[in-house]
Each structure stands twice: as C-alpha cells, then as structure tokens.
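You will see two complexes here that share chain A, one where it goes with chain B and one where it goes with chain C.
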Partner chain A sequence: MKLSILVLGSPYNSQAAYSALRYTQAALDSGHEIYRVFFYQDGVHACSNLPAPPQDEFNTYEAWQTLQEKHELDCVTCIAAAARRGVLNEEESKRHNLPAFNLATQFSLSGLGQLIEANAESDRLVTFGA
Partner chain B sequence: MPTLHTLNRSPANIQLFEQLINTIRPGDTLLLLEDGVYYCLQNKLNRKIQDIQVYALKDDVHARGIPIEQSDVLLASYEDFVNLTCENDKLVNWY
Partner chain C sequence: MTADAPTTIDYDLLIVLQHAPYSSAQANEALDLALAGGTFDQRVALLFIEDGVYQLMSEQAPDAAQQKNLEKMLNALSFYGVNTLAVESHSLFERDLHPEKHINPKLNLELLNAKSIQALYDRSKTVIRF
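For the complex of A and B:
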C-alpha cells in the first residue's frame, strides 16, 4: 500500500516523532511504499540538525535523517510552521536576514499543498498527533 | 465500512474519549498507543465499547509497565499497527 505520514509533535514534548519513526520503519519493512512524510506544527522541530541529545539517549533527529537517507524518503517540512519556529534552510535564513540555518539536508521545505497532495495520492494518511 | 481508530491520549482527556465513543461503530478496531495505553488499566473500557476489538501497542505498554494479563486488550507490534492500517478501509487518529 501507499502510505503517507503526518508528524505534529516535537521530540521531548510528545512521542509523535518517535512513534511515526517506528511506524514508518515497520511499514517499509513490511514492503509498503511511503509516499511522503510531512512535518507540520511542532513536528517541524524534528527536522533541525542542531539538537545534541546525551549520547546514551535515543536520538530521534538522527534516526529520521538516517531513515530518510536509507530509503530516500520524501520528507517535507511545512515552510510556514518551520519559519515561525526557527527551523530554516540556507535560502530561508538569507531571505529573513538571519545569522544561521539548521534544517537538516534530508528534509525539504514546502507548503501545505504537499500534505493535501499526499493525502490524495496515498491509500492512507497516518497522523501522529501531539 | 470498518475503521481503525487510534488513541494516543491518557484517560485524563475525557472529552477526546467521549468524541471517540460517539464516533466508533461495531466492527471497528481501536488501537491504543503512547499514553492511550493507560486505558488498559480501566475495566470499564470494554463495557463502554462493545463489539470493538481493542489493541494496545506493545512497546508503549511495556515502556509504562502496564499489566494487561486480565484485560481483553490484545498486544500489537508496530508491524501489526501497519497491518491494521491497511486491513481497515478508513483510519481516524484521535489525539
């Protein structure tokens, strides 16, 4: 089946990003296609490459980046939700005249249209709410 | 049309559960995950939702140390979660 994933919660504030990660892994292991993973609302925090959790704790950020690379997942971060929470790529950082950028390269910034399209194109949209 | 409902909030969120109860239909399936697995501690869960098979995500149950031996709730792995998503025609995620 063609599945899409919606992540609405940030690591540490909710389990959404971790549950979505485990679900996505299980779906891929079962031979399903992941059409898109969309990070929205506080879920965009999972797309930063700056968090440095203690080494003896599970690193949700790194796990998403690794999973994206391994399966070449289409991981999309909502640009408006990300900008207002300080999750920016180089282009957005320059546009807002800010001193740094932190969007991990495994994620691309785009609009809510990508979520609507994922919902229309997929057999199921699985929401991991916060 | 059989529907899979997922619930990730604890019983403290009464309004959410009321909404779920008013929506879920016989033949549907309920999957408890994250703090939703705390519903396994309530005996009244099965009285309120009849003809609904209830699953609880195994890893989340174990992470919270919840005993489910005496309940009608079945344990589900993430693979089972994926299968339930595909087996049911519709999916509603309550959060």
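For the complex of A and C:
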C-alpha cells in the first residue's frame, strides 16, 4: 500500500513523532511504500537539529534523520508552521534576517500543497496528532 | 475505514475542528489546510464539533488579543471552492448557541446529528482532526 504520514505533535509534548517513527519503520519493514512524511503544527519541532536529549534517553530527532537517510524518505516540513515556531533552513533564516538556522538537512521546507498532494497520491494518509 | 463496505467517496479531505478559536493555533492552521485543499481543487469538508463550534460565532473581535480574525478565513472558504461546512447540533445545544442568534450568517452550515456525522466520515477519504 502507498502510505503518507502526517505528524502534528512535538516530541515531549506528545507521542506523535515517536509513534509516527515506529509506524513508518513498521510499514517499510512490511513492504509498504511511504510516499511522503509531512510535519505540520507542533510536529515541525521534530525537524530541528539542535535538540540534545540526555544520553540515556531515546533521541527521536536523530532517529527520524537516520530513517530518512536509510530509506531516502521524502520528509517535508510545513514552511509556514515551521517559521512560526523557529524551525528554519539557511535560506529562510536569511530571508527573515535571523541569526541562525536549525532545520536538519534530511527535511525540506515546503507548503501545505505537499500535504494535499500526498493525500491525493496515497492510498492512506495516517495522522499522528498532538 | 470502510474496507469491507465500499461507500462513495465524496470528499478527499474532512477536517474536523474541535477547539475554541483563539486559545491555540489549532483553528488557524486547520483553516490554512482547508484553503490549501481548495486551492488544489480538492473536495474538502469541514466539521465543527465540541468547542470548535465557537469558531462559527458571528462578530468575532480578536483584535484586542492581537489575533488574526478567523471569521474572515471562514468567509473566504467559498471562494476557494470549500462549501461543505457541517456542525454537530448537539455541540451547539450543549453550549446554548443558537444558529439564528449567535452564528455567522454568511456561512451555509449543515446541522448534523451523530448518525449523519458517521455518514460524513464514511464519505471522506481522509479525516484530520484539529
């Protein structure tokens, strides 16, 4: 089955990013195709490369980056939701005249059209809410 | 999920709005998605339930709280081809809200009971709750 994943909740405030990670991994292991993973609302926090959780805790951020690289997943972060919450790539940071950027390179910034298209192209869109 | 009972899919996306309008970004980001869906010619339906029905009130004046007026976004939906706005009658009743007295008259709302809501879910490919 062709699946897309929508992550709406942030790490620590919800289990969304972690559950979505486990689900995506399980779907790939079972031979399903992941068309796109879209991060919206507080879900965009999972796309930052600055969090540094304690060594003895599971690192959801790093796990997403590793999963993306391993399967070359199309991981898209909503540009407007991310800008609101201070998750920016270098280009957006410069555009807003801000001093830093933190979007992990495994994610790309784009608009809600990418979510709409993922829903149209996939058999199922599976949401992990806040 | 209608794996064993195929139902006609009338909507590509059903957006369920269940939160009060200005206490979080939920309503704003849900309506952004609805407008994006309309822009890309998707069949979008909106369902207002629980505290989400407060989003439908007329004469909203959020300027004093430095918030963007969501009433304008709601009124714009029809220009984007999003014309199905449903509201759960019981949620209005519970909050003592009367359509003719409290609800934005520009909106063409369908009042639904629990059974009709179930049918709306069945007729939608994807449901995302905000």
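By our rule, the second predicted complex is superposed on the first by the 130 of 130 C-alpha atoms of A that agree within 3 Å, B and C clash if a C-alpha of one lies under 4 Å from a C-alpha of the other, contacts with A are read in each partner's own complex, and residues count from 1 in each chain.
Here is the rule we go by: contacts are C-beta pairs under 8 Å (C-beta built on N, C-alpha and C of every residue); 3 or more make two chains touch, one makes a residue touch a chain.
Treat the numbers as computed from the prediction; the structure is a model and nothing was measured.
When both complexes are overlaid on chain A, the residue A:H32 reaches chain B alone and has no touch with chain C. Legend: residue contacts after superposition of the two complexes on their common chain; A:E92 is shown touching neither chain B nor chain C. Of the two partner chains, chain B is the only one that A:Y23 touches; chain C does not reach it. Contacts of A:D74 after superposition on the shared chain: neither chain B nor chain C is touched. With both structures placed on the common chain, the touch criterion links A:Q41 to chain C but leaves chain B unconnected. Using the contact criterion defined above for the overlaid structures, shared-chain residue A:R84 touches chain C, although it does not reach chain B.
By the touch criterion defined above, A:I116 lies against chain C but remains apart from chain B after alignment on the C-alpha atoms of chain A. Chain A is touched at more residues by one of its partners, and among chain B and chain C that partner is B. When the two complexes are superposed on chain A, the residues of chain A that touch both chain B and chain C are 124-125, 127, 129. Within the complex, the chain A residues that touch chain B are 1, 3, 8, 14-16, 19, 22-23, 25-27, 29-30, 32, 123-130. Across the complex, chain A meets chain C through its residues 6, 40-41, 80-81, 84, 111-113, 115-117, 119-120, 124-125, 127, 129. Listed in rising order, the residues of chain C touching chain A in the complex are 12-13, 25-26, 29, 32-33, 36-37, 39-40, 42, 125-130.
Listed in rising order, the residues of chain B touching chain A in the complex are 8, 33-35, 59-60, 77-79, 81-83, 85-86, 91, 93-95.
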